[in-house]
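Heads up, the next two complexes both have subunit A, just with different partners, subunit B and then subunit C.
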Partner chain A sequence: MSTYLPPEFIHRIDKDRCRRCKRCILNCGFNALSFQDGIVADHSKCVACHRCATYCPEMAITIEKNPLAYKGNALWTSDVQKNIQKQAETGGILLTGMGNDKPYPIYWDNLLIDACQVTNPSIDPLREPMELRTYLGRKPEGLEFNTDANGEVSLKTQLEPQVKLDVPIIFAPMSFGSISLNAQKALAKAAEQSGILMNTGEGGLHKDLAPYGKNIIVQVASGRFGVDSKYLNSGVIVEIKVGQGAKPGIGGHLPGEKVSAEISETRMVPLGSDCISPAPHHDIYSIEDLNQLIFAIKEATNYEKPVSVKIAAVHNVAAIASGIVRAGADIIYLDGFRGGTGAAPNVIRDNVGIPIELALAAVDDRLRQEGIRNRASLICAGGIRNSGDIAKAIALGADAVAIGTSALIALGCHVCQKCYTGNCSWGIATQRPEMVRRLDPEVGAERLANLIHAWAAELKEILGALGINSIESLRGSRERLRAVGLNQNVLDILGVKHAGR
Partner chain B sequence: MRGVFPRIPSGCAISGMMSRKGRRMDGEAIINSIALMHDRSNGLGGGFAAYGIYPQYKDHYAFHMMYDSEASKKTTKEYLEKYFFIDQSEPLPVRKTPGITNPPILWRYFLKLREEVLVNANEIIQEDDFIVSIVMHINQKIDGAFVASSGKNMGAFKGVGYPEDIGRFYRLEDYEAYIWTSHGRFPTNTPGWWGGAHPFTLLDCSVVHNGEISSYGINKRYLEMFGYKCTLQTDTEVVAYLIDLMSRRHKLPFNLILTALAAPFWKTVDKMDPKQREVLEAIRMVYGSALMNGPFSIIVANSKCMIGFNDRIKLRPMVAAEKDDVLYMASEESAIRVICDSPDRVWAVDAGQPLIGVVEEGAI
Partner chain C sequence: MKIDAKDRHYRDLNALIKKAVANGETEIELLNINGQRYLGTGIDGQVKITVQGIPGSDMGIFMNGPTIIVNDNAQDSIANTMNEGKIVINGHAGDVLGYAMRGGKLFVKGSVGYRVGIHMKSYKKHIPQVVIGGTAKHFFGEYMAGGVLVLLGLNRQQGEPLVGDYVGTGMHGGVIYIRGTVKEEQLGKEVAVMDLEEKDEAELSSLLQEYCTDLGLDYEEIRAEKFIKLVPVSNRPYGQLYAY
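The block that comes next holds the complex of A and B.
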């Protein structure tokens, strides 16, 4: 069947500048370019990943949106029409990659941070200590101490395991399979350098990452790929993945053609076999089942590692989170509807879940109302773009944030949303060896560590402006946020006053 | 009486004096000390806490009350009578003083808890906790009534005005106390109200505070988790409640409470020996939301001690001095020297390091 779809992008080569070095052809992961007495572009294959343009030594390449593709229509937009055409041609569920890109409200952009003037002094982070250190894990309500005959005090309360973060940021779970081994290596190295954590995702732990165990969260998802007792004990936190913001209620599928020898070994599945992650965990059909899995993992890890539960932000998230805490989770990872994915049905990604800002505020409130906020750390994820978002998330109540897309962008990703094709020209979301090779883990780690360093420095500036010198004094301090342009309902949910109040 | 404004940040003057031997001193000196720092106040609030002032009623709860109206007084009295024997009920002695206008009805009761009250309570409750619940109930539920202080053998005297005028108004020269603390207020954006003046008290603990708590938002939400309601429109309230939470309810020793409120920096903690480090790490992990951040100098007192401390980088001043049995603390050295012309020792209190003065065992 011939396609009715016009190309999305027009790939232009400035013939005067082009020296026919063919570097662009080599760099394109989508076979959009060929050489026929000059570089020729197949526009229909271009995804605007910008790899060719970035690496063209003559800056001869420009990529534009195809301007004449569709007649403007507020209802029957080009996206709507394209999707119908695709489904008319294939009869299938539309797949997409990365987070929800629809123009839903981004509440971070309606929140503004306070600063000190006169009545309390701002603090200069270049002169004074600024503390970002954060501990993830269950905290008791209070502490008890022993005092010996000499008056020396020692801790009586036995603390649950705690994991230290030098900066309240972790790398979001992205499995080996959804991303390349080199991308995972870059994340692991950067986590080690920055004193933070990376998360294996559900694809098991490749042997090359084992040395980074102190900076790794190992994930247990519904497919249980790569899970054995050694795996559970090889990181510092074990995470049960229940849901993902990009596709709440939906499982995953790594097609067999991507299951290489390395992935097969790491995931503990036969070479070339499909890896299907069921939608639910088939041993968790209710909260008490989750409780059993949490404690099974704690038994398997000798109660030495906090157990995290990752859920997608859905309508009733506050009550669900409360149940998860009561079921014994030490950390809740909340993934908003803008959270990324390697592959998800378009209709789910674009229509299911709720914004992380509202979910985070609701969960933090609910846990406080029930007096159990201390029992779990809260990780906020799903569209964290900069240190301003991080400061706002922490002020709303998060202990730390997780970044996935931001980290990938640092590695070169241009958010072309074609992760599910496995052709990523940047060597990130691909298993093709010639693509993976172009992502140097050392260079990637340096870029990631730079990003974390920069955001840490910016967070310190924000704290200093707020007149505080430790992150705990911002955490949950919604008094230091004001909103612009939000209605009273949203203000109530966020627990934030409108600017001017 | 109660304003309708949100939280009021404020600058201030504080001063305190304590006899380690429990020797009682009249209110003249403390008034002179705080009066010297007149310019640190703006006439919108002043107050004093005094310990040892009611030896004849030392086993009674001394409730200092502020009422908007006879009606609120009547409601409160009826409420108190349900739980207490009211052994004395009288107006607080005051004199007409220039600069002090529109005082509320100022009243004091000496109360003994009815023994059956705790027995008949729906749940097992300690006497202290019960008294706190009474105070909270009056402040939150009885319109126009406010408990200025509720401890034994102590009292708070406060109101809107310059502190020296407040002191004269309450005739503090007629009282004798072994600990005096005082406060002159400089609220920066709204008029003061009588109940909002310092000191803040709960049971026998009192707090005077110079500064703004930049972490107020989280301190307040943290306290709410434990059932405290911050209703007094000032951040000093959270200091009193945080101390109450950690001392009365969590039974933490005072020196550890101070390491939560003004936590040492991680770089200091990291260098400590393992046992001490374990203690301080745990405090920071568990009580991080109680860390008071932003500029402050604070004097906390109870019947046994007076404690001065600053924020972790000392963004507000505090000076201490000693002369014989008396320990002084004040925002400015001059405020000490004006009442003690040749102190044995004068020093600046270190950032984040508490100065704890304890009344000698058996002295009171």
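The block that comes next holds the complex of A and C.
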């Protein structure tokens, strides 16, 4: 069948500047460029990942949206028409990559942070100590102390296992399979350098990552890929993945052609076979069942590691979170509907779930009302873009945030949203050896560590302006936030006053 | 050694078992077991555990080597995500047995519930093997990706079905052997029914001989009836599902 799909982008090469070095051809993962007496572009294959343009030594390449692709229409937009054409040609479920790109409200951008003026002093973080250290894990109901004959005081309360973060940021779970081993190595090295954590995702732990165990969260998802007792004991936190913000209620398929020898070994599955993650964990049909799996993991790890439960933010998220805490989870990872993915059905990503800002506020409220907020740390994720978002998330009640897309952008990702094709020109969402090789884990780690360093410095600036010297003092302090342009319902849910009040 | 489990919480009981194994104990008998969970979890190696009473759910979850003999019925999720070792149950057992099992053996003398043997895998030399003596309910061998799953249908009541519906639905690896016949409408659309070849007969013989020895059953009587073999049509059942 011939296609009716016009090219989305026009790939232009300035013939005067081009020196025909062909670097662009080698860099393109999508086979869009070839050499026929000069560089020739197949516009229909260009995804605007900008790898060629970034690496062109003469800056001879520009990529534009195809102005003639579709006639403008507010209802029958280009995306709508393109999707219908694709499905008319294939009869398939539309796949997409990365987070929801539709113009839903981004509440972070309607929240503003307070600062000190006159009545109490702000603090200069360049010269005064600022504390970003955060501990993940179950906190006690209260603290009791012993005092010995010499007046020495010691802690009497037995603390549950705690994991230290130097900065309240972790790298979001991204499996070996969805991303390359070099991308995972970069994340692990950066986590170690920055005193934070990376998360294996559901694809098992490659042997090369084992030395980074002190900075790793290992994940247990419905497919149980690569999960055995050694795996459970090789990180500092074990996470049960129930849901993902980009595809709540949906399982996953890693297609068999991506299951190479290394992935087969790491996931402990047959070579070349599809990796199917069932939509539910078939041993979790209730809060009681979740409790059973949480304690199975605790038994397998001698009660030495906090157990996290990751869920997508959905309509009744507050009640679900309360159940998760009561089931014994030490950490809840809340993933909002803008969270990223390597592959998800378009219709699910764009239409299912709720925004993280509202989910976070609702969960924090509910756990406080029930007097159980201390029992679990809250990690919030799904579209965290900068340190401002982080400060706002923490003020709304998060203990820490997780970043996936931001981390990938630091590694070179240009958000072309074609992760599911496995052709990533940046060596991130691909298993093709010639693509993976171009992502140097050392360089990647440096870029990531720089990003964490920069955001940590900015968080300290924000704390200083707020007149506080510890991230703990901002945690759940919604009085330090004001909103602009939000209606009363949203203000009530966020527990934030409108600016001016 | 013997450990009396009467009125003991599973956490204390499992701590005692772990300590005994760490001290080099190779045979442990658990008395008065009454629903304690996670027996055999968090221990490695060649220890043999005999269970007197009815063990709770998730017995052998993440287990890596030990042998567990149960002289009674057992609850749900036995051999969950098990890696290596052997579990023999001399009675009936519940739902979701052998979920995501990657290696080792699970032998059940009686009947089992729903979703048994689902998402079993194999990997290099690890091939999980599950044999059920009685009947099984719906979704037997769902999403199966590797390993061997056997259903014998012994001691059935008049009119009692051998297995429920959706047998092997989503199956994309491994093999299921069933003693008797299954109606077309009971099968998932991803499986095909085949006759056993020579190598299947050999695999089944050695597995069933071990099963019969462990559970005191008559091997010849079991082999007297014909077996069918279920295999996946494709190892990529959902390859054509998506638009790229």
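Here are some notes:
Note that the second predicted complex is superposed on the first by the 501 of 501 C-alpha atoms of A that agree within 3 Å, B and C clash if a C-alpha of one lies under 4 Å from a C-alpha of the other, contacts with A are read in each partner's own complex, and residues count from 1 in each chain.
As a convention for this text, contacts are C-beta pairs under 8 Å (C-beta built on N, C-alpha and C of every residue); 3 or more make two chains touch, one makes a residue touch a chain.
Model, not experiment: these values are computed from the prediction.
When the shared chain is aligned, no partner comes close enough to touch A:Y70: not subunit B, not subunit C. After overlaying the two complexes on the shared chain, residue contacts for A:L155 are found with subunit B alone; subunit C is out of touch. In the superposition on chain A, contact of A:Q87 is made with subunit C only, not with subunit B. When both complexes are overlaid on chain A, the residue A:L95 reaches subunit C alone and has no touch with subunit B. Once both structures are placed on chain A, no subunit A residue is touched by subunit B and, in the other complex, by subunit C.
Residues 86-87, 89-95, 223-224, 227-230, 232, 253, 255-256, 264-265, 268-270, 272-274, 276, 278, 282-283, 292-293, 295-296, 299-303, 420-421 of subunit A touch subunit C in their complex. Remark: subunit B residues 6, 9-11, 188, 211-212, 214-218, 220-222, 224-226, 246, 249-253, 256, 263, 265-267, 275, 278-279, 282-289, 291, 293-295, 312-313, 315 touch subunit A in the complex. Every residue of subunit C that touches subunit A in the complex is listed here, in rising order: 10-11, 14, 18, 37-38, 41-42, 44, 57-58, 61-64, 76-77, 80-81, 83, 96, 99-100, 102, 115, 118-119, 121-124, 126, 143, 145-146, 170, 172-173, 235-244.
Subunit A meets subunit B in the complex at residues 116, 118-121, 123, 128-129, 131, 133, 135, 139-140, 142-145, 147, 152-155, 157, 159, 162, 368, 371, 373-374, 395, 466-470, 472-480, 501.
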